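You will see two complexes here that share chain A, one where it goes with chain B and one where it goes with chain C.
Moving on, here comes the complex of A and B:
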């Protein structure tokens, strides 16, 4: 009996190194797997006990089914769209054949947006808003970091605007955009500009702060190198300040992109701007028996995209930044 | 030979929240062209402050520095500094680090081909030509310091300022670097001021050793002429009575006349930036 327990205790057995390495490697896979299984178990157990006015709360299987449905709807919509264009081309060809002077009218398909299209819209909006913020924030952050007086002048505004929720900005942005952005043939839809500007306003601040802190806490030896070389101001920024601040800029960009994605979903919900947020809101308003599972599917997709955006930034940071240690997970 | 670099009655006072802190008091030193000077003294005695004043990174409260008949008012490449912790820019390769300096100093005098040759020449001088396209985090501490020296030499400075250049290196690398430095010095005959904590290093490398008294209000205590013939060989010198006599003179100054009092006085309890730097140098 004792010999059996001894054999079963892993601490007392000298495993060959390849085996323990394999076990170690396996542990990295197994533990998350166990976590996910537990989560799914608790979720499906509690879901079946929650009754809402729209039926039972969706469990894992309902969400999987629904993701399939959403994909099928997209494919159906695509084939409808193709059929529409085929019909239109044929009709136009017929008209032209009858009357050579006829100028064919091409109309684009106006079916309802599918789940995939909503994802696409949200991604384009978040990236545009984020890029716009980066274009403003990085130079501003560098300027603030370089000049103490500029920092004290601008810092109060940053501190006040930083904690403002996107939901507070949105009505203002909507009104300003509809007053200012007037064009007969607008390049971008107003709803897109609304969401984008709201995203920009919210993810501007972490980038400004991180960049300016990065510049202000520059290694004094590097500054001395620049002083001994008497580098002119522009070369100083270009050759010393900017590269030295790259790790800090990336830190700011990563947290800003996370904020941007959260803000966007909220903005889309509130303003009925196309995107994943609108999808969630529409489903909620729709109130069918499918709605909750469709919303739950959207929740997972939103989370997954947020995760992928963060990883994308990390990969970018690893490729572009000289400081590989700051680009850890 | 006449005075090339004149450090004239420098006082250095740092304002602190607890009142002024006098780091240096009437530091006076005249250096000839081509001379190799070591500054030695205990941590916190203000060696680095002297160097920073000569470099122009600090402005002396009183007195001033005249180099080659020009009053030193700010930092400049004619007073190149080799910093203690190499201070290479980590995003640039060894070559690019030197290039930054060369472009800044010689862009009007040299074309790009000449600049490239000059950069490579300087890296060759410090035996770093084999790794010149590596970044600082890919090379060892000694190699980084070599690149730092190459960068300083490439500015063709009138005086080379070295702030404990080998302080962070292990003993073997340090000896190797000292030999390299002597070899370069034989060839280029630069005017050098080097800070060190290492008595052997001071005696081995210097023409004169400037021993500083303990701070606050540190000043030049004694100056020791090192008349050992060059080229110097560390193994032969080890049994040379003259060398050992010089060595013991420095040791006597440091450990008898200027014995570091271990009791922490109120002023030392709040070390200045200078002192913090020095204490990390010792470690």
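Moving on, here comes the complex of A and C:
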């Protein structure tokens, strides 16, 4: 950034340090701002020139209006929800009056999910799928990293499964889940389990690979220390391997979370898990004059959440990892 | 002595009559009172984004489900296969289904499962749309009225030269329908065949389920909401689908609906409400109660000469139901249908939800679907008439419907006048005459009916 400001002002190379600092700060704010403004301009210009059978392609203002609508719908739904509980209480009271043995049960609201709830569902799904993958991948990665022979045994499978698209996994996952996951009062909806497992299958591999690479490229001095001290295997992993590979594990987790979020939207579309993927799909199916602008709003929200997830992972990495250089912003 | 005997006899007879009468009355009232609380209160129903899912949306929005003590969640499904699988594996408790789906599932065409229906959702409601390009070519073959507009109903005879032109050039003529056992498939086939165009046979015993053997027109499956986009992309030249996807084509200016199913077969049964047999057996009260709610919703939709339809349109336009623009949905729901842009005609019975006993699950409706499955080879061997009746009785359950209707009358929520033929019905509609090709359908003689068609499998035929 400094070099850019220097180039912009070729005559004044020897600026006082405070000024160049200020300019530096300004550049950090101004350049992204200029970028965004240019993007908005190009977007609204080109949007007004694209005619689809559902009307004009939504520009920035349509998206802002739609975000407002989505918020309003959420508020409307909340008031409907309250009315629902009032009616239910009355119905329960009536029934208890008739049948004193009846134990009234409060049924949760049956209305549609609002946009905010769909965001919540998506986040819960992606994080549970990701955690499940981490629980499997990190121990597996460490094991592979420690043993060369295990590595060569498992590597072909990893290489083959790694590039598989979630859309190929999903039908298999769906059939297996509906065959295996049978219960009268299931704790999780099948659509949730399907999407979650698909996410797990897709974000497992980068974590396994990164972890095993981290373990395999362990500093030989540390390994020697462990050998000299004759640490038992478990302590060796606990005291030497694990702390040393934390940066590598986090690198793997970060890229896996990115993949998980991308996969999730596709998985939710097909599995009909009531998250953002389903929102996009439903709007596409609706084909109303508002559909495109609603999908465009979702695109921005998806992007923003993906960005925040990545940043969150980075912050976590910085707090937990000893090697601060591996987690630069 | 004889006299005494007679007297005793008479008294006994009288007593029996009184007792039976008393019994039957008490049985009736017990029956009505007996309808207990639902065994399962939280239910999830699936639907496909089509206007004929209206009874489910209305039963929810108007509180009819809640009146029955049912807490229902309604969820749109991606396609008919996902929806059917949902009902089979229990993810969904019930769903808006194509009439052919429970039947096909029961006879094992596609996924085998026992699905029943206590409630028929609507009559009519579909249309056949062709792309603008095909319409221009078809138009010259259609006679005009004095005002210059085409004479209706438009028969497939007008399409035949166009199809032949394509075949001569070696180009396949593709059209879309929504599911192999959908009403739309059979209606499109019926219309094409009535105009001398062969829509192709199925041969499941040879592993051929494409339905394109010997076909002049190649039919393929596309989910309803994607029909307009698929036609716009040029993958298909026309399609048969429910509303609002025909009117959508007019609004977008990408195609022209040429015929509605009302004109192909007046008052044909369209969707049903399907539940698994296991569900109905496990939760009998819930089953009757959900049927009650749906009957009330259907009545609301048709009440006072469709007075509630504009309100229904607003509800259906919500993004969680059909979600298309209200004006598109309103076009067909409020009794009109726009063919060519600007050619809006009155079709008051385009969507019928309650009139003409629309909600009663007639065996004869099920049998019609079976005859068409046989006609196009989905059922690959001859079946005796008795087989048709047995299947129909397994799938269509007027007994549940009757219990629901009677308890509605007993609870004074509806009147006996709402169900004029409830007690006299034997489950068969009178022979139906209003088909586009003039062939009469009598549900009591399925094999005889199959033999009447010039295109299609007849008794003894096998592919």
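Throughout what follows, the second predicted complex is superposed on the first by the 297 of 329 C-alpha atoms of A that agree within 3 Å, B and C clash if a C-alpha of one lies under 4 Å from a C-alpha of the other, contacts with A are read in each partner's own complex, and residues count from 1 in each chain.
Rule of thumb we're sticking to: contacts are C-beta pairs under 8 Å (C-beta built on N, C-alpha and C of every residue); 3 or more make two chains touch, one makes a residue touch a chain.
In this text, all values refer to a predicted model and were calculated from it rather than measured experimentally.
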Superposition on chain A - do chain B and chain C clash or fit: fit
Touching partner for A:231 - first (chain B), second (chain C), both, neither: first
Which superposed partner A:190 touches (first chain B, second chain C, both, neither): second
Contacts of A:246 with chain B and chain C, given as first, second, both or neither: first
Chain B, chain C and vertex chain A (Cα centres) - angle in steps of 10°: 150
Touched partner set for A:110, first chain B, second chain C, both or neither: second
First, second, both or neither for A:270, with chain B first and chain C second: second
A:221 touches, of chain B and chain C: first, second, both or neither? first
Closest approach of chain C to chain B (Cα atoms, Å): 50
On chain A, the residue positions that both chain B and chain C contact, one per complex: none
Chain A residues within the chain C interface of the complex: 53-54, 87-88, 91, 95, 105, 107, 110, 112, 178, 189-191, 269-270, 272, 274, 281-289, 291, 294
Chain A residues within the chain B interface of the complex: 219, 221-222, 224-225, 227-231, 235, 239-240, 243-244, 246, 322-323
Complex interface listing, chain B residues touching chain A: 55-57, 74-77, 79-81, 83, 85, 87, 89-92, 100-101, 104-105, 135, 155
Interfacial residue positions of chain C with respect to chain A in the complex: 37, 41-42, 49, 60, 63, 66, 69, 71-78, 82, 85, 89, 91, 225-226, 228-229, 232, 248, 252-254, 317-320, 322-325, 328
